[in-house]
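Below: a set of structures, written as structure tokens.
In the two assemblies presented below, chain A is common to both, partnered first by chain B and then by chain C.
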Partner chain A sequence: MKKSLSLWLFIINLSLAGDKLLAQEPDLLKLAGEDKPARTHVTNAFKSTRVINGQSMEFLGKGVLDVRFLHRFGTINSGANNFFGLDQATTRIGLDYGLGKSLMIGIGRSGVGKELDGFIKYRPVWQSNDARGVPFSVVLVAGMTLGTAPWAFPDRKNYFHSRIGYYHEVIIGHKFTETFSLQLSPILVHRNLVPGANDKNNTFALGIGSRLKITKRTAFVVDYHPILAGRQYGTKDPLSLGFDIETGGHVFQLHVSNSTGMNEKAFITNTTDDFWKGDIRFGFNISRVFTLVKPKEKKVVAP
Partner chain B sequence: MVKKVVIVFSATVVLISSCYNQKEELLYPLGANCNGINAKFSVDVNPIIQTNCAISGCHDGSSTNGPGPLTSYDRIRDAASRIRTAVVDRTMPKGSTLSTDDIRKIVCWIDSGTPNN
Partner chain C sequence: MKNWKSVLTGILVFALLPAVAQDKYFTRTGKISFVSKGVIETISAKHNSVTCVLDTKSGQIQFAVLMRGFEFRKALMQEHFNENYVESDKYPKATFKGDITNNNAIDYSKEGTYNANVKGKLTLHGETRDVESAGTIVVKNGRLTASADFNILLSDYRIRIPAVVKDNISNTVNITVDCPMEPLKN
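After this line comes the complex of A and B, so read on.
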């Protein structure tokens, strides 16, 4: 984990340095008596703060609460008798909140493993398409998961920390055009306790997320997390393909996936189905946003 | 800006501070929890698996989920390691959970070498 700490420090330093460098230019402009040109930060690279399973480069606005209902069903190839998997369902209910333009937090609870999860997400670099802007966004996510199921063996010495897992993620994303966005997100998942002597506590994956807008309100999304190191025995790379449908304050994300996990630890270390063998399942995310704190109106200065 | 970085940084430090690298198999060595448990495949393990796992939509004869059907001794033996992981961390069975006694029977039977008894 020391490596992950130094990586964070390095990125935070970079972002601080970057900000200072950028901050010098407006001063020069002020000296020259020119108006500071407005930054044109890129928004709506993705419709939601999640690509499908993984975090996207998008943020909630400040003071915005996002209530999220996630459902994953059984495998479609389990047949008509199981209504193509719809007889089985697992859920995650979550709340995300925007603390600032580039800072948000979220909590949730998944039925599988009775697992709580929470994360903090911060954007040190925000893509902007003006001349002095950075052409990509960098987003940092740190999260924690806590299994709350009863101990399998209550009479042995169980440790609270055995219930805990962590993940750290760096998202580097670029909105190429109004229709196409792509992000790469290396992610490290740590589990304090793994089952086998040969299992690794750290799992490293590379998230690849992309959106292709079809119409104003619908988009095709891909969320793929190939596991590069520390694969849990018997697990596969999680792959999800889906459609985002936006209707007012709601975003519906309908997709097919080989994973049932609905937090980073779960889908990276516990996806046992093979997408390419047809073990895919239907799932959806429903996101409803509420503006709890309205942004202050800007005072108009009389000329 | 700096304040935000401090918040993110301290949150990260707090998260990392309780990091362990433990393996269940080493932390709780084989057999240590199986004293007095003499789980047999035919009497103990197979009935639990047939009732909870080898059911329609999960691991019955036509299943393609994970290790596939868990309907015979051979199939259960071949999937033993995955079964052990899934029942211990309670990711299986989906939508319900086995009793501690049932989990213990499965694990102790697997740890004793998956005998066909």
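After this line comes the complex of A and C, so read on.
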């Protein structure tokens, strides 16, 4: 009887020792509680704050300055004598600045129409990758343009407010996967003065922007703005196809487009070339960011 | 008589079991920072919510960090780190599971600073590699602080540096760990 008891205890001992052997690699981390990823917002839906011409659902970081050089050349089908459009070039030089995570402003000047433009961009809803979060981003953009070219008709009575145009845009965007993002952006452009008596002051367009990543640092982008109402006589829908190339702090956007305008008012009401008839031009955007204000060190209180 | 010895051993084992849990220490607010000194650019980031658990009895030590939690001085660097280098959406967590090889030389019941040699496996960007480091364990006021400093090569973890910025970014990353821990109560 005693013998069998000791044998029994011996077996228990063995099995306990075995338990210890099996538990050589226990997951100690489980004891501290599971690490749940904090709810994070989706970033990098687009490489830049612009799809190509139009605004994207992307923002600059807080305290980040983006210096943007935009170039649009002549039409490729203008022939070899014009070096396939490269002889002509128009530019927009702009500065954008991130005031907060979801608030940025920008100014720029385009050669075409000697036009100044400025905008403010705000993101009330930010796509979250959490199941309980909002699955899309909503971005509001309001901008203003001011033409400073000499009056076309200096003899008639000209008003300063005739130089001004406005645009208002709502961007609804979703980053579907790491490679694919899509956004829709209804936009209203209002011009205080239009060229013809029959032209409308208000023009509505629906922006469609999409990105397809090819590699980690390059992407194919489409930027299309079909005009829904109030089309300026003789103008076409601006369409641009391009590649984004990202190298450190630079983003290069190389594209072909039928538009020359480099602000919303200009490309929505001023695109006269027909993409499908081959009136396309080469263009590029260069964006270089500088971190002006670095985030403050977070103070960690000792537990 | 011999039989009673084994009975005693059996009872002893049972009696000791509940005591095991008292030997573990943990934190969820540990710190890990890394520095990569390139020719042109120094890249550094900090993490303030590292999970670490140490079993003083067996010498096992484990760490876990969420990659998205690393904070950089430049927003764009942080974006590129997550998107292009460590691919945080695909590999959200990095872990280290290892042992203090000289655990017997550390007296956790006595205040002091002890050298601790740690050996184990670091999993980062989906790759697992053996890592060895000489760190310290400080015992003070019933708390432990584990700290260590070691280098890893990005190429070991399939983190590729594109050719254009090869000169800017160093392949060697120095990692500093600093985890003050409290007793883990079950």
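We adopt the following convention: the second predicted complex is superposed on the first by the 265 of 303 C-alpha atoms of A that agree within 3 Å, B and C clash if a C-alpha of one lies under 4 Å from a C-alpha of the other, contacts with A are read in each partner's own complex, and residues count from 1 in each chain.
In this text, contacts are C-beta pairs under 8 Å (C-beta built on N, C-alpha and C of every residue); 3 or more make two chains touch, one makes a residue touch a chain.
Everything quoted here is computed from the prediction, not taken from an experiment.
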The answer to whether chain B or chain C touches more of chain A is B
Given the touch rule stated above, what does A:217 touch, chain B (first), chain C (second), both, or neither? second
For A:295 in the superposed arrangement: first (chain B), second (chain C), both or neither? second
Taking the superposition as given, does A:279 touch the first partner, chain B, the second, chain C, both, or neither? first
If you lay the two complexes on top of each other, which residues of chain A touch chain B in one and chain C in the other? 5, 9, 12, 16
Could you list, by residue number, the parts of chain B that touch chain A in their complex? 1-2, 4-5, 7-9, 11-13, 15-16, 18-28, 32-33, 56-58, 62-67, 81-82, 84-91, 94-95, 97, 100, 103-104, 107
Residues of chain A defined as touching chain B within the complex: 1, 4-5, 8-9, 12, 15-16, 19, 74-75, 77-79, 81-82, 85, 87-90, 100, 102-103, 111-114, 120, 122, 124, 140, 142, 144, 147, 149-156, 159, 161-162, 164, 166, 168, 190, 192-197, 199, 201, 233-234, 260, 270, 272-273, 277-279
Residue numbers of chain A touching chain C in their complex, please. 2-3, 5-6, 9-10, 12-13, 16, 25-29, 31-33, 35, 37-38, 40, 43-44, 60-64, 98, 129, 178, 216-217, 247-249, 289, 291, 294-295, 298, 300, 302-303
Sites on chain C touched by chain A in the complex: 2-4, 6-7, 9-10, 13, 24, 26-29, 31, 48, 51-55, 60-64, 66, 68-69, 71, 73-76, 79-80, 82-84, 89-90, 92-93, 95, 97, 162, 164-165, 168, 180, 182, 184, 186
